[in-house]
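Single-structure report; data block below.
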Amino acid sequence: MTEPLFIIPLWADLLGVGLGGVQGAMFASGFQGQRRLDLLGVAIIGILIGMGGGLIRDLLLGQPPATLQNNGYLLTATGAAIVGMLLAGLLNRANGLIVGLDAVVIGMFGAFGTSKALGLGVPEVPAVFIGVCAAVGGSILRDVIMGLPVAIMHVGSLYAVAALVGCATIVILHACGVGLVVAGLIGIVVTAVIRVLAVIFDLSLPEQRRLYRRKVAVETTAITLPDPGDAANP
Amino acid sequence: MTEPLFIIPLWADLLGVGLGGVQGAMFASGFQGQRRLDLLGVAIIGILIGMGGGLIRDLLLGQPPATLQNNGYLLTATGAAIVGMLLAGLLNRANGLIVGLDAVVIGMFGAFGTSKALGLGVPEVPAVFIGVCAAVGGSILRDVIMGLPVAIMHVGSLYAVAALVGCATIVILHACGVGLVVAGLIGIVVTAVIRVLAVIFDLSLPEQRRLYRRKVAVETTAITLPDPGDAANP
Amino acid sequence: MTEPLFIIPLWADLLGVGLGGVQGAMFASGFQGQRRLDLLGVAIIGILIGMGGGLIRDLLLGQPPATLQNNGYLLTATGAAIVGMLLAGLLNRANGLIVGLDAVVIGMFGAFGTSKALGLGVPEVPAVFIGVCAAVGGSILRDVIMGLPVAIMHVGSLYAVAALVGCATIVILHACGVGLVVAGLIGIVVTAVIRVLAVIFDLSLPEQRRLYRRKVAVETTAITLPDPGDAANP
């Protein structure tokens, strides 16, 4: 019924983990002032973004986490986080690069999640769900650990919707007889393109943009809260 | 020793998921102003409340998540969330209905969790624990994802205690030889009645009521934080 | 290749759970004012600290959670939490004791996690990772549930690093042919000593100390936010 022995090639999986690690570290390095993370914190965020989606995917599938069966994943994620930190120092404020990397990464995680689920015989709807969770799970873990508002709930720009459409594309193509590898590649492109277009054309609802500005304001407020001493002479 | 092949009937499981989805969406729709969620956000909360408890239950049992073996759960949860959103528009501020639905839902999730655990041969104490986690797990996930204070830690009204007593009732009845189906039904009633009575008679400690009022104040403060622009002309 | 049938003795596992429960309850009892937790809240924190690390370890290993196969764990964690609450009443502000207990507990959880992973044939790097997650996982769950900033991201004092070095020591000793029991005991000592020394000599970066002071300020601010009524007459 489904392909026997569907396996994501190790190099592709490690590529996703590595890109995720770079992207996570660049995000984490962006915090300045009192919220600045040290080396360990940046590495944790890199590992969460690089490996978190795959962990959630395998927990939902009831499989032992693939990223912990092999030394390569953690070494790749940690190494990529260090590279991301160094790149962040060089390319400070390279917002476009972060968005582009992020789009490819969520596309890959979503495609791997949905493909693995279909390969294991999971029905169509939960296969899409697992793909979306794999795509956005790392960023949810990152936001919860860092105490930030969870991005997919509040920030627009069609973040989760891009993953949803890409994963649904894979399921539909697979139902039409397209092989999982080809369907997965198309799904990655669909997700990444939607995500990048959404950012370029700022496709978010007006209230969401206002919310985002306010969120930034809240964070700034949190960062600049006065010391007890400062409060005495405002 | 325990019943062989204990299975929660699909219709009962889907009923719990559907009621949870309605209840979650009505809760989510209650946020106004900048915290207002869009369609996707409401659907996510509906899925979390409808399916989150079952996911946590199956992870704790080391079983593949039952809600992802079948297209019906996600379709039910999503459909129920949409219904809940529409109902929320009609029955704005129908607080009693939300409380009543919530009481039945945590009763069902707790009973399913404890019954499934007992059916798999889990000892009594962890069977109660898994039931309580199944009952309150969805609301914990909801609060963490939405950045709200976790309700069972701060809000009184015997929320987790109601689930605890209901699940313990099931374990005790089962130890006395009562079948799991009958014991489970009694457990649902026990939990729901305790929860509703607690809300009606406002059974919470004085400090907790004060805390709750303050929490609301904190949320209001967070919502009305000034824009950077507003700060210039206060 | 690895030892067959490596099993953590039940008494050692329960000792870790019990110490964790005591430590968690003492931490939770430290909250005064509006943040004060009731009996249930303290018990939840005790269970999270006592059992959370083991749960995360077993989820990452794809094993059914050991702490839910036996009535003893939950009874121990809950009983220890009650003892911790009473001790906290007697030994208010016994900061040294909390730090010391905490150091031993993260050492034990880390050693059990890494040893179990190695015993199951997990490679070296993920075995260390799983040990660190087991060591700090309980405190991450605690901070997320309580809405506090996650300690390992922001507070210095080499918290996660101590677990990392201890778990890596176990892997290296095991690779050199040392048995898992001896390696595990050495790992516990290494982690606990690093952690205690870090606290004694205040080994944290200057920015982290400042951050910590500010975090306390933020928490104080959150606690003392005025009632709507207070705001009218400041």
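A, B and C label the chains in the order they appear, each numbered from 1.
By our rule, contacts are C-beta pairs under 8 Å (C-beta built on N, C-alpha and C of every residue); 3 or more make two chains touch, one makes a residue touch a chain.
Being a predicted model, the structure only gives us computed values, none of them experimental.
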Graph distance between chain A and chain C, where chains that touch are linked: 1
Angle of rotation relating chain A to chain B [CA atoms, steps of 5 degrees]: 120
Distance from the mean Cα position of chain C to that of chain B, given in whole angstrom: 27
Where chain B touches two or more other chains, by residue: 59, 144
Chain B-touching residues of chain A, taken from the complex the two chains share: 59-62, 122-126, 129-130, 140, 144, 149-150, 152-154, 156, 160-161, 205, 207-208, 210-211, 213-214, 217-218, 220-221
In the complex, chain B residues that touch chain A: 34-38, 40-41, 44, 55, 58-59, 63-65, 67-71, 73-75, 144-147, 222, 225-228
